[in-house]
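In structure tokens below, several structures.
Shared chain: chain A. Partners: chain B in the first complex, chain C in the second.
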Partner chain A sequence: MQRLKSLTQHTGFAVAVVVLALLIVWYMAALWMNGQQLIMTLERTQQPWTYLEIVRNAYGIARPPLPVPHQIAVELYNSIVNQPITSRRSLLYHTIITLNSTLLGFAMGSILGILIAVGIVHNRTLNASLMPWVIASQTVPILAIAPIIVVVLGSINITGILPKAMISMYLSFFPVTIGMVKGLRSADKLHMELMMTYNASAQQMFWKLRWFSAQPYLFASLKIAISAALVGAIVAELPTGAQGGLGARLLSGSYYGQTIQIWAALIMSALLGWFLITLVGLAERWILKRRGAVL
Partner chain B sequence: MNALHPDVMNRPTTSGRSMVEVNNLSLIFEANDAPVHALSEINLTIHKGDFVSFIGPSGCGKTTLLRVIADLEQATSGEIKVGGTSPNDARLNRMYGYVFQAPALFPWRTIRSNCALPMEISAQSKTHQHAQIDKYLQMVGLQDFHNKFPWQLSGGMQQRASIARALCLEPELLLMDEPFGALDEITRDHLNIELLKIWEATGKTLVFVTHSIPEAVLLSTHIVVMSPRPGRIVKVIESPLPRHKTLALRDTDAFHALASEIRQALAEDHQLD
Partner chain C sequence: MNTRILTLAALVCVCLQSVLVFQLPIGFYQQRFWLLLLALAVMACVYLMQRLANITSSRSAGAKFSQLLVPALFGFMVLMLWEAIVRGFNVPLVLMPAPSRIMSTLLNNLPTLWADFQQTYLKAVIAGYLMGCGLGFVTAKWVVRSPFLQKGLLPLGNFMASIPIIGIAPIMVMWFGFDWQSKAAVVVIMTFFPMLINTLAGLKSVDPLHADLMHTYAAGKSQIFFKSQLPQAMPFIFNALKLNSTLALIGAIVAEFFGTPIVGMGFRISAEVGRMNMDMVWATIFVAALAGSLSYGALALLERWVTFWHPSIRDKRS
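Then we have the complex of A and B:
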């Protein structure tokens, strides 16, 4: 009894129960959706069928409406382990392409976002003139902007990773700007006055006080920015006829009805997003620990 | 007992002995409904080496006056000289050290690094910085805690660190705004004695804001009694107590007499209200 109680209170147990419930729902839904498709096909060709046959075959269709986890797992295994990384059939090959433009766009977006925030905080005119544009930029649908950027840059012979990174940058600079403006303005009033009594210059005020006050806000923003950059990179690969990347993989999967391939790419992009956010989280822990925070 | 009326303090200063000179100074905060007379016709001279306390109920302008001296607040009318120049020049020349009510240590810096901050800003050499920090952390008894972060120290220790930080720049003038106001009485007694030791050892001019009568009596050579609405000086009392003081002084008749004189000055004014 005691052991059962301690087992149910374990976090791992709770997670396992939820995962199990999800799997059951998933397999049931797949049986229903794939089974219906099977029945329709069999009836159209006027072949006899039994429910037992349907259940037996529902999880083995090549292009099922809803693939089940073990099919996706097999697809992931085959496209990662059984393919050389340089092959266009390798999922890792596409993942690395997306990762590259995500990281480049994230770096560009973070720097741009920080620079805009510094301008807004230090300059009254920029504060009044820039902020509305920053906000307006995010109300434009990225799906509409993405092809325009690719075409415009393509016409001046900029192709490859840069147009994709620009779209990532477009999405990721925004949370950084908003967070940094808030962070740079969060400097303690007492600390500001203390710096005034030392006759600190605006630069010293920034590097010794504002920059540090802003760091917790910056990291919260960077976590949002890096996932936005990933979305940007994938969206950039969708409408632009890109030959590689997770977005291209998703698109080609939907062209050819390769549902298992779509789901594998989906899982891969989720894993990539989780990995990137974890990376930012580790950097945050490392930096905050260095500045003496209790973690 | 030598009680000086504010007008008497308005005498011409002899040679360069005065550290702070305030003439007819007023400060009015423009509020939405009616202007607030934070300071009204203040006249005051603080001499080099003095330990001057501003005492009075809240709203009497004691902190505002200290902030005017520090150039954190600008007077509406009147004159003020700090170290012979304007408060602005005094601030730009880093002539004073300011200790706030809260320690105001940067949480991302160690105690040592916090003390280094003003010297980093005034671009002093690393070796000089370390020598100064060692000297003044020793003086406030924090030499063993120099690598700790602020949150690892008690409130009293944090405030001592902030005093050490102010001393590191070797300012001639030390401005302290209720530095021990948030501490318990035992810690406060202890820090009062330490502050007196530092004052005796360094010969600095100290301006100290407090709302504790015993603290003002124990520390000061001059006590400036202030009153609110409008903020003004009602009396400046020169302490008859010796410059070198101990906690035992608090049980003497002279101590009690001075405390009651302050209390009377505060009370008299309240009857006028």
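Then we have the complex of A and C:
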């Protein structure tokens, strides 16, 4: 009894219960939505039908309104394991395309964000003139300019992964800038004053003090930035008639009504986002641990 | 005295540049001489910003005024550079239209843009935003009572926050049709999780002392909620509301890339990009940017009014 009680208070148990509830709701909803479609097609052709038949067939339609998890799992398995990785039918092929532009955009955005933050912290004019625009840039629906950037860069012969990476960069620089400005300013005042009495230059102050005080803030921002970069890469693949990538997979799936393909791409992008954030989290643990932080 | 002359010279330089940009024939940077004036004008702008920034930090009466003026001047400088480069080098329209061209396109196509705005913003965004935020709030209010549900839902909410939810758009278009209802559905899903997570954090942040005080007053359940819990959660809730105002617009516009009636901002952007009418695309984006900034600003004002007691707002006033 005691053991059962401690089990129910475990977080994993709570998550499992919620996930199970979601799965049950999912299968019920699929039965309802797919069943209705089945009934409609059967009645149009004036075939007789029973409820038992509907229930038996609802989970096996080729293009269901709502695919169920096991259908998606089969599609994922087929398009990952049964296809060579260089084939355009392989989901991994598209995932790698998206991953490339996400990582490139993330790297560019992080570097840009850090540079802007350093400028803002060290220069009063930049702080007064640039900071309001950095914040305003996020109230603008940035993703809307994704097609423009791709077209503009395409017309001066920059194609491939760079235009997509530019959009990821635009989305990911903001959290880094905001976090870094906060972090660089969060250096301990006593330490700053000590450095002042040592007659340290601004450069020394940066490399020996501010850079380290900013690291926890930097990693918190990088986690937001990398998921923003992934969204940017996927959306950039939508309107351009892109050759590949998870976004292109979503779009072609929606053109041809391949719902299972859409859901598989969706699950894949969710896994990718989760994987990238976990990666940043691991790097954070490693670096902060080397500094002797207690985690 | 010296600085005064310099300031005057800088102002003259900037004015001269902004007038000449419109007077000279297109492609005037073939004479390299004019590039010198452009460089001078940019330097003049930087100089003016520096002087104004010094006023900002000097805590004088003009500080507040110059706090607004410095970013405005920066924006003006960017526009000036943009206009000069497009006109001076005769940049093709496909690549980059000049700001003046975008403005005139905007004014000439007001009825079209207004119809798009109505379809995307007034219908899809507002309906989806209200439903998504309302649903997130109600769920949080319901979940906060049960530690079990919190443990189960929070990791899921964080997982959902890390994935590109925008990918749900094609599915919603398939389920709810091409009209604004499918876009509203995308907006509901995008705004739900930030609202849920933030409201939950806010409702849990209640100061135990306040709760004790309410208890000694023998306050009822609804009194505790409206007088103690809700006000303390408000800063968190407004964070989510502000974040969601941008997310909602992005969601609706991107969802329109997947299928729409022949009206709407996302439709306009994708259609005009196909026809290489870049001035119209930029005009639509200007409308979207304006709508996004105005709704964000309105929410920020509302936040100041509702959470006037919060330290971050009291600090700014004093």
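Here, the second predicted complex is superposed on the first by the 291 of 295 C-alpha atoms of A that agree within 3 Å, B and C clash if a C-alpha of one lies under 4 Å from a C-alpha of the other, contacts with A are read in each partner's own complex, and residues count from 1 in each chain.
The rule is short, and it goes like this: a residue touches a chain if its C-beta (ideal position, glycine included) is under 8 Å from a C-beta of that chain, and two chains touch if they have at least 3 such contacts.
Model, not experiment: these values are computed from the prediction.
Colleague: After the match on chain A, would you call chain B and chain C a fit or a clash?
Modeller: Aligned through their shared chain, the two binders fit side by side on chain A.
Colleague: Who contacts more of chain A, chain B or chain C?
Modeller: C
Colleague: Thinking of the overlay built on chain A, is A:A136 touched by chain B (first), by chain C (second), by both, or by neither?
Modeller: A:A136 contacts chain C only, not chain B.
Colleague: Check the residue A:R291 against both partner chains and state whether it touches chain B (first), chain C (second), both, or neither.
Modeller: first
Colleague: According to the stated criteria, A:K208 is in contact with first (chain B), second (chain C), both, or neither; which is it?
Modeller: So A:K208 only meets chain B here.
Colleague: Which partner chains sit in contact with A:E193 here, chain B, chain C, both or neither? Use first/second/both/neither.
Modeller: Only chain B; A:E193 stays clear of chain C.
Colleague: Rounded to a whole Å, what is the shortest Cα gap between chain B and chain C in the overlaid structures?
Modeller: Shortest inter-chain C-alpha distance (chain B to chain C): 11 Å.
Colleague: Which chain A residues contact chain B in one complex and chain C in the other?
Modeller: none
Colleague: If you look only at chain B, which of its residues touch chain A in the complex?
Modeller: Interface residues on chain B, with respect to chain A: 70-72, 91-94, 96-98, 100, 102, 104, 106-110, 117-118, 120-122, 149, 151, 169.
Colleague: Under the stated contact criterion, what part of chain A meets chain C in this complex?
Modeller: Against chain C, the touching part of chain A is residues 8, 11, 14-19, 65, 124-125, 127-133, 136, 138-145, 147-148, 151-152, 155-156, 223, 227, 230-231, 234-235, 238-239, 246, 250-251, 253-254, 257, 259, 262-263, 265-266, 269-270, 273-274, 277.
Colleague: Would you pull the chain A residues touching chain B in the complex into a rising list?
Modeller: Residues 188, 190-191, 193-200, 204, 208-209, 212, 215, 291-294 of chain A touch chain B in their complex.
Colleague: Touching chain A in the complex: which residues of chain C?
Modeller: Touch list, chain C to chain A: 46, 49-50, 52-54, 56-57, 66-67, 70-71, 73-75, 94-96, 148-149, 151-153, 155-156, 159, 161-164, 166-171, 173-175, 245-246, 249-250, 253-254, 257-259, 265-266, 269-270, 273, 276, 278, 281-282, 284-285, 288-289, 292-293, 295-297.
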